[in-house]
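Each in structure tokens, the structures are laid out below.
Two complexes follow with chain A in common, the first pairing it with chain B and the second with chain C.
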Partner chain A sequence: MSLDMEQFHESFFDETAEHLDEMERLLMALDLEQPDAGELDSIFRAAHSIKGGSGIFGFEALGTVTHVMENLLDRARDGSLALSADLMDLLLKTGDTLRAILDAYRNQQEPDWDSVNQASEALEQWLTSQQPSTENSGDEQSEGYGFFAAPAEGSNDYEAYGFFDETVQGTDDDPSFGFFEPVEAPAEEGDAFGFFEDETPSSTAVANADYINSLLEDGTSEAAQAQTQSAQSANTKPEPNDPPQAATSGAATAQSGKTASTTPDTGQKNANKDSNKESSSIRVDIQKVDQLINLVGEMVITQSMLQEIGKQVEGATGERLESVLNELERNTRELQESVMAVRMLPISFAFSRFPRVVRDLSGKLGKKVQLVVEGGDTELDKGLIEKLTDPLTHLVRNSVDHGVESPERRREAGKPETGTVTLRAIQHGGNVVVEIVDDGGGLNRDKILEKAMERGIDVPSNPSDQAVWSLVMEPGFSTADAVSDVSGRGVGMDVVRQNLEALGGRVDIQSEPGEGTSFFIHLPLTLAIVDGMGVSVGNETFIVPLVNILESMAPESGAVRTLGGTDQLLAVRDQFWPVIPLHRVMDVDEAQAKHPGEGIMVLVESGRRRFALQVDDLVGQQQVVIKSLEQNYRRVPGIAGATIMGDGSVALILDTEALADLAKPVEREEAASHE
Partner chain B sequence: MSNEEKLARAANEQGQEYLTFTLSDESYALDILQVKEIRGYEAVTKIANAPEFIKGVINLRGDIVPVIDLRIKFNVGQATYDEFTIVMVLQIQGRYVGVVVDSVSDVVTLTSDEIRPAPNFGVAFDSEYLIGLASVGDGMVILVDIEKLITSDEMGLVEAAAEQPGGIATPGE
Partner chain C sequence: MSKHVLIVDDSASIRQMVEATLKQAGYQVTAAEDGKKAQDLCQSKRFDFVLTDQNMPNMDGLTLIKNLRGMSSYRSTPIVVLTTEASDSMKAKGRAAGATGWMVKPFDPSKLLDVTSKVLK
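The block that comes next holds the complex of A and B.
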């Protein structure tokens, strides 16, 4: 049995993670004043689905928490529970707890039951603290405890609690006693309400005493409050009791009748929506998709070869063949585009977490920040989106922490107190540009320069603004006055740049004092494609990632100087660049390669290295699909991967960073042998 | 798969099918189930700083596949390339590798009775990579444990092997 179930675990985990993301997104978007019924329904459904799944697979901790959460949400959605920012906080935190539990189960560990119990207790307390107000609106809805709602939803798919019938009867007779009975019942049963076990016996006793007292004083409405105390609510917010708590048998019956009648509707609606969702997407192993992409790529090459052959056919047959081949070309291209699109996801998958990040962080820092998200439907490769999340998080946190000023400062500067951080994605040809823009104080040129000197970072004399801004991405650089736990440890920005460069992207910074800072991340559309420059040496063609190329030039005579035997330097505008002859590092027959003075110098910058790559010719710029060498062979120093050219041949993609490392020992060796 | 297992497999009544190929004037055979396809030699893309017997990589329907020349590796015959040069694409432990040979001759079925122990000398391959000898027709074929050979450190075709001494040293190391 357990074996049979385990194969579904992974998809349950995935789905649960998606439900949690969805829940968080909806919670963040929820209008507290006028909550959208549909959205509340969706949040409820997410909790409900998690609960249902965890029940099936026996993930008790998830079920426990989502059960209470679901009760709370159910009350919120029927309007008997007022929404507030505090409640949102609680629900978001619960979401975090659920994620932690999910991770634990995913890693086959036992979840942290303390946090599980805490989470469900916190929710439970909220429910009970809202009790009096619910009582008042008792006309509309059933009583406040979660399990009171349960029977109302019984026709949906809740567990029918045996004690419900008694409870209703109890309520009929005496509304106040009606509350206490169900509290005890689950405790005795040791059902999902584990958190009641500790407090129920004593608190009930106290509450009973209170109840008797209050009954003596002024009747049932007081009893409701006594009951509230009994639940030991931390955030009790008793709202004024409007009409006295006359939950007569008639009212009680009316309630159950009403809820019962509405239930089938909602149930059906849920079912409909769920089925829509299921049929609109399928889960596919990513390897299957990649295989598809591979095959289509091959087909494109075959098709172009076919087209070449077709051109050689003459006469009437040739014409017919040509039109058919054109048709084939169109279809092939469309097929390729559609297949590539399978891996693409809207970038909102990466953006969706940021409203939460900004909200939490600005709260912590005492700043007022609103996040504007634009272009969330811009599509990016799935792998890219996953790897983009961390650098983006860092940049967004950085904008909130360092970019946006405190409300006082903003007031002084004549700006609105609430700062704005804009997250924007735009597709730009074969690239996607992600912008993180804040309207804060901007970067401080002098401070950055001062800090850079202090940290011993090389600074060119009289640098351009652009050069100064890029200093913040240097390793070990941080301008934060105080090291906070938010940012300012000086690790991060350089890691951000490294990570983005590893994705084939680059970062530009723009900043205006007093007006804000913008980070522009330029990314390729997919991880599998790189913008490259084809260079040739001898008979071989290599691809240099365009992101690493500063410029290419045919050196003037005398610009290349020889140093200590073999090492060469290229003088470009008063700067000297070490020359790496590509034919030497890539082991191409030297006889075929051109003399340094005749070839082309490609100025390459990679990480912190700069060098001039000496090649014979530039073949041209093109987008190439990256293929792994390791799949069938092994890693090759200086090579990042391979690609298949239009004619079906293989070209190697250079790893510029490794190339610099590769060149050094070779040069040293040769220099040594010359001595 | 160990030699014993291979022999055990070969011991079943139907015997096992082997593909025979030649290197110079020696005749070899390998388990046909490991042969993915046979194709003509085409231009390869050279890999920098790789040993001479690794000719480079080719595009096999979107996969980048290394091609090795056993004639160079074992120093038999002349490593010439013309339109008759053959590349056997093998699938070994989930990886593809192309092996250049002079020609591919035949498919033979051999049972374990027909396979005799390999000699320690007289053939290009180290006896470590041989399963045994068998007579086919009026000639003799040498059965090669191609899986063991390809994944060996000596070939340096897989990552782990390359990092050990004797594998392909990266320049400067």
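The block that comes next holds the complex of A and C.
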């Protein structure tokens, strides 16, 4: 038999990861007082499926842990094992271990057997420690349940597991399969079954041997179990629509938006959702998708070139050509959007881990925190979602740790003891805004200023609140002694900001004393295409990412003042903006607007600073495909990438963060001269 | 005409593995991810052998077997149930549902081919 089993591993890993996610989500959403039978069943089935597959594909460590987990869950779902927060903790922790094992296997490494054994032992200890009480309950509930509590159950299962070893060794007449005698065959056509009669002696013999061990392990127990389950589901029937929504836990809220939109009216939503997912999606190598996106990008460029050439054709042919080219443009645009959509995933992929993060962290800190997740349907590029997870985790931890106050303090302040952290994603045109909002004590202006001074960070005098809040994300602001072991982890908020800015995003902070703090992350929808404003300087065209542009204006006379000979300031509604003449930064000699007050001012806000960019004119707003300069040429300061315009010329995409650094010295002088 | 096998399992990796193994051995294979889908398939098509997992969402394997046995065209088709435990209770239930036999998970390709060739011989 020369079948390469490895070809199925990827598929097994993926489905195992999905099972683990599903298990965690369900565990988090589980109502411990009145658990939903269907959900307990789904949790059990997740462990069961992982165990089954790991046996077949030879991932022993996964099988070992899920086996014990399955036993425990089996007893949880038949009601002989009490559900408790501690048990949920244990199961969640076990899920983490399984994830680590899965990662090891994925990377073709041997899993950490210590943790494997620890995890199984912890589960077994739980099983044994619960034994006495369940024995009681078993007795009380008469025949059906007694069996599950009996010690024989554990040993039996071990045999079932040992069984597997035999199979692996491949003894020929092993009892790992068998055929039934036609005795109880439902149809009269016993002949068909008689066909296999020559097989049955061996298997019956084994079956008999088994019988001695598991005499009681018969229909009775499982029938009773089935009864309990149906009874339970009957109990919950009056409210079949989305039970998790009724629960107030964060996880339930996390999922409600998503589930509501996919299967709004099914009671069996878990099962349905799973099967829908499987039947209506395919797995594709991301490189294939990227290749497609690249090609479409090239096609967009070719199409705009055609359009330019088409404009030069006159007469009747020209008109016909124009209408055809317009159609081509429309189709190309739709093609591009569709292809980009392939890479888009709902942001719930990034959000799904946070109910757990908040639960664990608040427990550790002795706080009561509820997580509300909104807008999980909002779609973002896969690459962005992956890179977003870490900074988001940091911000969410930060909100729980530093934002939400202790229950006592909240009570004193007349707030509910349970704090709320809201994670919300909203799409605005070509951008997505992710908000992390807490209803905690808010940032303390004086303390931040004091600490910034202490740390030697430049602080403008009499700064706006906005400027003070952004100090929190200044390099060197949060240092070891200021950061607790919880949200610190050696990474400061400045790193969070850097990472987000590297994604083309920026962070805004709002805070009200006593009311809470909000972080707003503005992100582009994708890393491959940017919504940009074309600006011209001389013969050159540059693209400014639209996400950074606040407004553009032709300055009134006298609005621009010159300081110290070269540095300029633009006055806009009582605020002063340092001016960066783009022609000077980019060395364009033939620029028209070279003198202060000439041309157009584009007000740019980057994560760190705001400035006015002086350009000759605005060319227009357009979506451009980003081509990496680094890959094709080399890194150029102030430039984020390049794109090809409709006329075939190359336009450079400005890196507003880097330009902001160029504006820095000017801003300092501004601070000095306006004291 | 090669024999047509239906594999029913909610795990994609196991479906793929069974499918590849049997196809390589020259069988025709169709896969379904739960009992409900399998039953629908069986209504429009006649398979020579059904291999079904026991524990699945929507409709489990034993219910599927019971339902298939209620269909005249499947009264005598070999149906083997995949199970993780070869306990007597399971066997009793399998037999009562009308299964031809059982096969313990995990199994390897050679075991699968062994069982398949035995039921189809």
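Following the convention adopted for this analysis, the second predicted complex is superposed on the first by the 352 of 675 C-alpha atoms of A that agree within 3 Å, B and C clash if a C-alpha of one lies under 4 Å from a C-alpha of the other, contacts with A are read in each partner's own complex, and residues count from 1 in each chain.
By definition in this document, a residue touches a chain if its C-beta (ideal position, glycine included) is under 8 Å from a C-beta of that chain, and two chains touch if they have at least 3 such contacts.
Because the structure is a prediction, the values reported are computed rather than measured.
Peer 1: Is A:E515 touching the first partner chain B, the second partner chain C, both, or neither of them?
Peer 2: Touch status of A:E515: no partner.
Peer 1: What's your read, chain B or chain C touching more residues of chain A?
Peer 2: The partner with more contacted residues on chain A is C.
Peer 1: Per the contact definition in the header, classify A:G55: touching chain B only (first), chain C only (second), both, or neither.
Peer 2: Only chain C; A:G55 stays clear of chain B.
Peer 1: Kindly classify A:F12 by the partners it touches after superposition: chain B alone (first), chain C alone (second), both, or neither?
Peer 2: Touch status of A:F12: second partner only.
Peer 1: Could you tell me if A:N632 is touching chain B, chain C, both of them or neither one (first, second, both, neither)?
Peer 2: first
Peer 1: Show which residues of chain A both chain B and chain C reach, each in its own complex.
Peer 2: In chain A, nothing is touched by chain B and also by chain C.
Peer 1: Residue numbers of chain A touching chain B in their complex, please.
Peer 2: 294-295, 297-298, 540, 585-588, 627-639, 642, 644, 648-652, 662, 664-666, 668-669
Peer 1: Applying the document's contact rule, which stretches of chain A touch chain C when the two form their complex?
Peer 2: Within the complex, chain A contacts chain C at residues 1, 3, 5, 7-9, 11-12, 14-15, 42, 45, 48-49, 51-57, 156-157, 160, 163-164, 167-168, 170, 175-180, 183-187, 189, 191-193, 196, 199, 207, 210-211, 214-215, 217-219, 221-222, 268, 270-272, 274-275, 278-279.
Peer 1: If you look only at chain B, which of its residues touch chain A in the complex?
Peer 2: Those in contact with chain A are residues 43-50, 56-59, 61-66, 95-97, 156-159, 162, 170-173.
Peer 1: Show which residues of chain C lie in contact with chain A when the two form their complex.
Peer 2: 10-14, 16-17, 20-21, 24, 33-34, 37, 53, 55-58, 69, 75-76, 78, 80, 84-89, 91-96, 98-111, 113, 115, 118-119
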